[in-house]
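Look for chain A in each of the two complexes below; its partner is chain B in the first and chain C in the second.
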Partner chain A sequence: MTDPAVWLYAVRPAAAPAVPAGLSGVAGEPVRSVCHGDLEAVVGTLPPSLAAQDGVQARLADPVWLEQAVRRHHHVVDTLFRAAATVPFRLATIYRGDDRVVELLETRAAALRPALETATGRAEWGVRAYPLPAGTPAGPGAPAGTPAAPGTPADSASSAGRGAAAEAGAATGSGAAAGTAVATAPTTGTAYLLRRRTELAAREQARAEAAAEAAELEATLSQWAVAVRRLSTDHGADEPVPAVSNVSYLVEQSRAADFVACAHRLRERLPRLRLRITGPWPPYSFVELPG
Partner chain B sequence: MTSRPVLASPEPVSLVDLLDRVLAKGVVVSGELTLTIADVDLVHLSLRALLCSARPDLFSWTVPEPDQLPGREPHPRAGSEPHPRAWSEPPAGSPPRLPIGSAPSAPGPASEPSGSGRATPGGSGPVSEVER
Partner chain C sequence: MARPARTQSTGLPVAGAGLGLLDRPEPASLADVLERVLDKGIVIAGDIRVDLVSVELLTIRIRLLIASVDRAREMGIDWWERDPMFSSRARAEIASEAVRHPDRHREPHPSDGHREADHPNGHREADRD
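Showing the complex of A and B:
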């Protein structure tokens, strides 16, 4: 007989509003609370098929199941987060029964309470920055008609305001010229190599400019945050353009509007970057427990 | 005031942003049955790779709407569907639409005196995204 498997979603203050009725978890199971002292764990009991030894482990290899689990886990955490301070637990934190969860609340209370304090009244905001291509990316995706043509305020500012950008703009402009060169002298190996070298240099320079802007981005946004965590920018070959910055900011709710407004202003100030702002997130990235 | 469309399901959140957090972050404790996922970052990476290979569109949200980005080069993967839940960039000069989590019972006031931005009361949808 297998012991019950209890999936732990989050810990909250015991005084938090009740877990919403009808909230269901990773396996569609009803989500409920396990209280001990001033702390409450929000859990769900997995069905026998998942409770078996390696039951969850096996399912994790199924991308469809895994994605669903990730989304459902987050849905529970996010629902709780919108009602009260919430300390999210990592996916697939599983205990053999409620008494083990109580044990956790008891033995780790000294670490969980500060984590709850950190989470109270705050949210995590993600800002990912991608370099905008400045040169002439090879391939049919960037026909000659679509390069960063002047006309938008941001682009005008970028080429007018900064020498480096102007130079990159020249490189962009030379994209059309390079295209012409290809048309007129497609067979010259030297011309090809020269063009290739110019392209690589432009790309290198664009990357360096993007990195400099990313540093400014992080420094500026950090001023609004009580804590900052760098997330991975390495997403492997599946990500066509690696991010130059992927940072989570823990922001007081009262400053969230200013934070987002600041991020939007930075879009105009940092023409080499494309920003992706997400939030508010439960404070996943700010709840490390010591030990 | 632009009100955000309320999305009923948890789907609106981009998976890649979720993976960075749900798989890689969150409290890690040792449970009896806590999977190695919690212990070894390599497992996280392999799970992410698993999802990436199963979902080649995973990063398609990086594709901007061409008509929303005048003067911007299309993403190399332009042509695939942009992320259906992605926000378009607000027009220049308009206040940002704020995806502040402001469920009525949310902790902390969603409205605040600052005039630099405006909160979206009742925008209780899941994590929202702003993209340009």
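Showing the complex of A and C:
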């Protein structure tokens, strides 16, 4: 028989309100508390199928189980966070029994207490900023003659086609065409390239403007935060464009409303950005250990 | 009554009782949750080694899957929601139709006495170890 596997969700002060009855964990198991001194670990005992050495690892390879585990782990942490200061543990932190959890509370107390202090009375807020497509708001300085449709792939495909068709019919007056083509549809290869260059320059400028606005966004929001963490802006294929800013802010509970109000005002003040504000989160991004 | 308390135009959250009870400005997506739950939280090695690097690769696949499902739904391609292979709702609809037209959906049923003989060990889900 294998030793029991105890999944650790979070650590709280021992004085925190009791873990809500009926709260269940990643495997549907009841969630309970293990106390030692002034610290409490919130844990759940995994079923025997998961207690085996590679049980959890094997299940984590199943996207359906993983998604469910992530949601449930978060649900437990989030529920605790709404009642008291909570230090979330990384997914799949597992100990061989309650004794080992008590040992952890004892040996790592010096690291856990400051983490709890960081978490007390504070929440994490996420603000992600995406650049709006070039040319969309048509500001006063926007270059003329480039409608820059939002559907970029289709747009470039059709203009390439147009360019090729135009070249076939414009062998005669190419020199004259180059001067006027920029304002209208391209009629020669040269004009096409010119138009392309204008487009790319516009896109580059939009990107630079968005970056400048992102810097302003971060500087303004940071004033409300006690700590700031940059998260990855490289976010894979589920987003149409990569974010220019993806930052988590640790905000005092008493200032949370001001922080969110400020973020909403920035939405209007920064026309090049689309903002996505999420929170309040348990302080996941602010509890790393020193060193 | 059902409307949550919010200040009129700004959509500002109002503090509720206890910690963190603010209206969420935007619903957190699975990607938001994954970003924090998988990558963050205090890291103290437990007794069982779990390799989360390969898990993080897996999440990329999940994100892709979510994105493609959302995009398909936007485009109105939601056939699987009506396909009994993929959707329990569709299965429920078929079941209720079967009740209305029992002769059209003739399926083996425990009350068909003789069928019992085909499955001598009734509960199949029991472990075979």
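In this section, the second predicted complex is superposed on the first by the 234 of 291 C-alpha atoms of A that agree within 3 Å, B and C clash if a C-alpha of one lies under 4 Å from a C-alpha of the other, contacts with A are read in each partner's own complex, and residues count from 1 in each chain.
Heads up, the rule we're going with is that contacts are C-beta pairs under 8 Å (C-beta built on N, C-alpha and C of every residue); 3 or more make two chains touch, one makes a residue touch a chain.
Bear in mind the structure is a predicted one, so any value in this text is a computation, not a measurement.
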Combined model on chain A where chain B meets chain C, clash or fit: clash
Chain B versus chain C as contact partner of A:61, first or second or both or neither: both
Partner chain in contact with A:70 - chain B first, chain C second, else both or neither: both
Dominant contact partner of chain A by residue count, chain C or chain B: B
Contacts of A:132 with chain B and chain C, given as first, second, both or neither: first
First, second, both or neither for A:267, with chain B first and chain C second: first
Partner chain in contact with A:252 - chain B first, chain C second, else both or neither: first
Touched partner set for A:91, first chain B, second chain C, both or neither: both
Doubly contacted chain A residues - partners chain C and chain B: 5, 8, 11, 56-57, 60-61, 63, 66-67, 70-71, 73-74, 77, 81-85, 87-96, 100, 104, 108, 115, 121, 123-124, 126, 231-232, 235-236, 238-239, 253, 256-257, 260-261, 264, 276-281, 284-285, 287-289
Residue ranges of chain A touching chain C (in the complex, touch as defined): 5, 8, 11, 53, 56-57, 60-61, 63, 66-67, 70-71, 73-74, 77, 81-85, 87-96, 100, 104, 108, 111-112, 115, 121, 123-124, 126, 231-232, 235-239, 253, 256-257, 260-261, 263-264, 276-281, 284-285, 287-289
Chain B residues touching chain A - in the complex, by the definition given at the top: 10-11, 13-29, 31-38, 47-56, 58-59, 61-62, 64, 66, 70-79, 89-90, 92, 95-96, 98-101, 103, 105-110, 112, 114, 116-119, 124, 126-132
In the complex with chain A, residue positions of chain C that touch it: 10-15, 18-22, 24-26, 28, 30-48, 50-52, 54-55, 58-67
Chain B-touching residues of chain A, taken from the complex the two chains share: 5, 8, 11, 17, 56-57, 60-61, 63-64, 66-67, 70-75, 77-78, 81-85, 87-96, 100, 104, 108, 115, 120-124, 126, 128, 130, 132-133, 137, 139, 141-142, 146-155, 229, 231-232, 235-236, 238-241, 246, 248, 252-258, 260-262, 264, 267-268, 274-281, 284-285, 287-289
